[in-house]
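In the two assemblies presented below, subunit A is common to both, partnered first by subunit B and then by subunit C.
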Partner chain A sequence: MRVPPGVSQSDFSGAIAEFQGVVGKQWVFTSDEDLDLYRDAYSPFLNEPEERMASAAVAPSATEDVQRIVQIANRYRVPLYAISTGKNLGYGGSAPAYSGCVVIDLKRMNRIIEVNEANAFALLEPGVSYFDLYRYIQERKLKVWIDCPDPGWGSVVGNAIDRGGGYTAANYRNHFDSHCGMEVVLPNGELLRTGMGAIPKAETWQQYKSGCGPWIDGIFSQSNYGIVTKMGFWLMPQPEAYMRCTVSLPRYRDLGPMVETLNYLENSRITAGFPDIASPLIGYPPIAQIQLWNESGPPAMTDEHRKLLTAVELGYSRELEAYGLKSQIPYWQLWLSFHGPMEVIEAQWQATQRHFAKIEGAKFSIVDRVSVPLDPAKIENYHEPEFGIPSLRAFSIGARTPWNPTPSKGHMWFSPIIPRTGAAIIEANRVFSQAARDLGMPLFRSFTLPACFWERSFIFILATPVTEDAATNKRYREGFKRLIEVGGQHGWGEYRTAPVFQKSVMDVYSFNNHALHRFHETLKDAIDPNGVLSPGRYDIWPRHLRGKPS
Partner chain B sequence: MDRREFCLAGAVMATSFAVARSLAASPAIFDAVIFDSRFPIACNFGAAACRRGQKSLAIQGDVTALWRDDLRLRWAAGAAAIAGMTTERSLFCLEQLAKDHWLRVLSRRSVPLNGSLVWWVIGGVRI
Partner chain C sequence: MIRPELGLSLIVVAAAAAGLLGRGSRAEETQTFSAGRAVYTKWCAPCHDPGVTHPGTHALTVKYQGVKSGVLLEWKDLSATTVKIFVRHGISVMPQFRKTEISDQELDALAAYLARNTPSK
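== the complex of A and B ==
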């Protein structure tokens, strides 16, 4: 039996026996073959001694079980690591941040407690996946949409706690922002409800977020201050129609005005669907078409076009721009989507065109105009998550095809947040492409465009491959950390990262001698003095483990 | 393609492969056999299983519908052993989904003559 560091064999055996008493023997896992299921499938330490491993796993089915497990862990000083379903591949998966933790696996807590169609909200346990919630809604023919990531196999609660994002309308794409109310088991086993849920007979727990007094929900995301056992979410009323359009712009210099116009339109809610920036001239696809490109290849390109691309600097050359103008290939193409009654979205599209028409040479096109719900037979023609439909098709992106002959064994997401300006896109490309070249990292090799999951900011989400070669993985890990530092030197930070990189990322958030990190530690000491809950998550360590290698 | 159509299609396939034969000869009865119908050798594999009366299910790379409409229910009802011949990527997805039921890949082998495919068995320590 594996044993957590610093815990005696007899204490660990005692804790395991008590866990078994709570959940039943069949839901406590200690064999190597069972614990292998909790390895991170995309571990940057693939098959190396430093790979994070669990010492055991326990799968409760109810909040009361979680409370008792946490109390037992405190008595024996056994470290726990909570997961919902552990599907955040590229950001750590189901493996603990600190090797030797007992994974407290919440996937058996999979009750959909309520879906309220009339006011469009839901209350869920952490084991509910996007597929589960989508199916529940479809079976009952409820007229609400979920907003899911891609792939959509993960936990709704887990993704929100990890601050993931999706593809529908702006006010639902940020999954943490769209939550409303939590139930949390604290590190001492006590049960807490946030927002209006703190009122014993609360009638508006999922209808008003902040309650009264300090609003503490944020401290339970990307942290180790509690185990969320219920979480409310606002859902999107099913729109009557969906329209997808493109705005095409001919010149490199149009990037800045394009972003400024997009910001105004999105911040004014004239457009709220997922904006997707592409460059047909550079050969950079919209996110919605990446899987199509991978399956059937990118659009054909002339030899002249391909040759011109080899000589661009930061995505630009005068010759390439001239070629684009001559061949009527847009430099930039912004894909916009609209949800709502047809007469409303037609008016929004008209207003959108009026604003973009101020950019010389702007061209407009309607790609799709459909009633909702979609005809099930036609769903595969679309990027399903933009309709709130969970899918696993994203995995074709990494599949072996003629256009991707050597797929990787996984990846670690490099995902810095940058300002929402055209200048920032170019500057980030300049900084990161230079650094990546110097480090021999397979990122930013051509001009890279950011994604628009969040309002007000851009995010790059770039896959650094995990390979079967330990030396290559080591080089990529070190390069990854250096890219994090380089970003920090320019005022850019990651929004989320795998445990291996959490210290490097949090080191960037260093204002006033790491005041934020010191506050995190102060909180940790106050509410988890034994340090049993998810030690090391986002570099928040209990006092007895600070300064020690993880 | 339903099971009957699949059996008919499999029956007229001209080629035969060792892997398909080995499955056909295997005494093991799986709860389902998955094959990627984009690849003739995988179709043969599925056809051989079908002839033995095993439930055979076709995919074309993406496992979403297979999982949503069949495996999810099968695994939720209790541990089920399934075999398949798919791309590594499809297997990867199924492996991650199987973990939700504490099932795992018990065996995986590259398919001779086709570097894109693996044949595999998913089951569980709890079977």
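== the complex of A and C ==
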């Protein structure tokens, strides 16, 4: 039997026996064969000694079981690591941040406690996947949408507390922001409800977020201060119609005005759907088209066009721009989507065009104008998550295709946040492409465009492959850490990262001699004095493990 | 596209009627296949149903270059053991699946279902 570091064999055996008493022997896993199932399938330390491994796993089916497991862990000082569905591949999967933890696998806690159509909210347990919630809503013909990331098997709760995002309207895309109320098992086993849920007969737990007094929900995201066992979410009422349009701009210099106009329109809610920036001239697809490119191949390009692209710098050359103008290939193309009654979204599109028309040469086009729900036979024509429909189609990234004959073993996401300006896109490309070239990293090799998951800022989300070759993985890991540092030197930080990189990322958030990190540790000591819960997650270590190599 | 669950239930019924099913009673086999199909639909279909919009199918189609179909449901040389190895170990960007996701019992049913067209040795 594996044993967590610092725990005696007899204590661990005692803890395991007590876990079995709580959940039944069938749901406590201790064999190597069973624990290998908890490895991070995309670990950047694949098959190396540093790969994070669990010492056991325990799968409760109810909140009371979670409380008892946490109490037992405190008695025996056994470190735990909570996962929801364990499917945040590229950000750690189902493996602990600290080798030797007992994984609390919450997959069996999969109750959909409520979906309220009239007030458009849901209350869920952490084992509920986007597929589960979508199926539940469809079976009952409820007129609400979920907002899901690309992989539909992830946990709605887990993705939100990992601060993931999706593709529908702006106020639903940020999954943590769109939550309303939590139930949390604290590291001492006590049960806490946040927001209005702190009122014993709460009638508005999923209707008013902050309750009264300090609003603490944020500390339970990307942290190790509690295990979230229930979480509420605001859902989007099913819109009557959907329209997707493009704004095409001819010149390199149009990038700045395009972003500025987008910001005004999005911040004013004149457009609220997922904005998607592409460059037909550079050959860079909108996110909505990536899966289509992986399935059917990228659009054809002339030899002249391809040759011009080999001589651009930061996505620009005078010759390329002239070629685009001559061939009527837009330098930039902004895909916008609108949800709502047709007469409303038509008016929003009119106003959108009026604002973009100030940019010389702007052209407008309607790609789709459809009523909702979509005809099921046509769903595959769309990027499903933009309609709140979960899918696994995005796994075409990395998988074998005619255009990717060498599939990867996984990927780690490099995902820095940068300002919402055209100048920042160019500057980030300058900084990261130079660094990536120096490091031999397969990122930012051509001009790279950011995504608009969040309002007000841009984010790059770039897959760095995990391979079968340890030397390559080592080079990519070190390059990845260096890119994090380089970003930090320019004031940019990651929004989320895999456990392997959490220290590097949190080191960037260093204002005033790491005041934020020190505060995280102060909280950890107060809330979890025995340091049993998810040690090391986001570089928050209990006192007895600080300063030791992870 | 033919809905796979419909197409497959017809195959199972036809196979049972033709007396092609191996060990166990027909009723038991059909029950196992039905359970296995449910596991397939929940866990495998999003990546392995027919068509290039399913990345697993696309990857296998490219891998086998026409030598055999990329659609797992059509394979006639897929043993139950092979199914279990891939589900518990993963391959390429497909991760392994834990027992809280697909239990051993569910995996047995899935493996029997996917191996239903493969002659037992």
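Following the convention adopted for this analysis, the second predicted complex is superposed on the first by the 550 of 550 C-alpha atoms of A that agree within 3 Å, B and C clash if a C-alpha of one lies under 4 Å from a C-alpha of the other, contacts with A are read in each partner's own complex, and residues count from 1 in each chain.
Throughout what follows, a residue touches a chain if its C-beta (ideal position, glycine included) is under 8 Å from a C-beta of that chain, and two chains touch if they have at least 3 such contacts.
Predicted, not measured: the structure shown is a model, and the values here were computed from it.
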item	value
Side-by-side fit of subunit B and subunit C on subunit A, or clash	clash
Touched partner set for A:296, first subunit B, second subunit C, both or neither	second
Subunit B versus subunit C as contact partner of A:264, first or second or both or neither	neither
First, second, both or neither for A:41, with subunit B first and subunit C second	both
First, second, both or neither for A:31, with subunit B first and subunit C second	first
Subunit B versus subunit C as contact partner of A:519, first or second or both or neither	neither
Partner chain in contact with A:215 - subunit B first, subunit C second, else both or neither	neither
Which superposed partner A:395 touches (first subunit B, second subunit C, both, neither)	both
More subunit A residues in contact - subunit B or subunit C	C
Touched partner set for A:408, first subunit B, second subunit C, both or neither	second
Subunit A residues contacted in one complex by subunit B, in the other by subunit C	29, 34, 36-37, 41, 85-87, 89, 94, 107, 131, 153, 295, 391-393, 395-396, 398-400, 407
For the subunit A and subunit C complex, residues of the former touching the latter	27, 29, 34, 36-39, 41-42, 57, 59, 85-87, 89, 93-94, 105, 107-108, 131, 152-153, 291, 294-296, 380, 391-402, 405, 407-411
Complex contacts: residues of subunit C adjacent to subunit A	42, 46-47, 51-56, 58-59, 62-63, 88, 90, 92-101
Subunit A contact footprint on subunit B (complex, rising order)	61-64, 67-68, 72, 87-90, 92-93, 95-97, 99-100, 102, 104, 116, 125-126
Residues on subunit A engaged by subunit B in the complex (per definition of touch)	26, 29, 31, 33-34, 36-37, 41, 85-87, 89, 94, 107, 131, 135, 153, 295, 390-393, 395-396, 398-400, 407
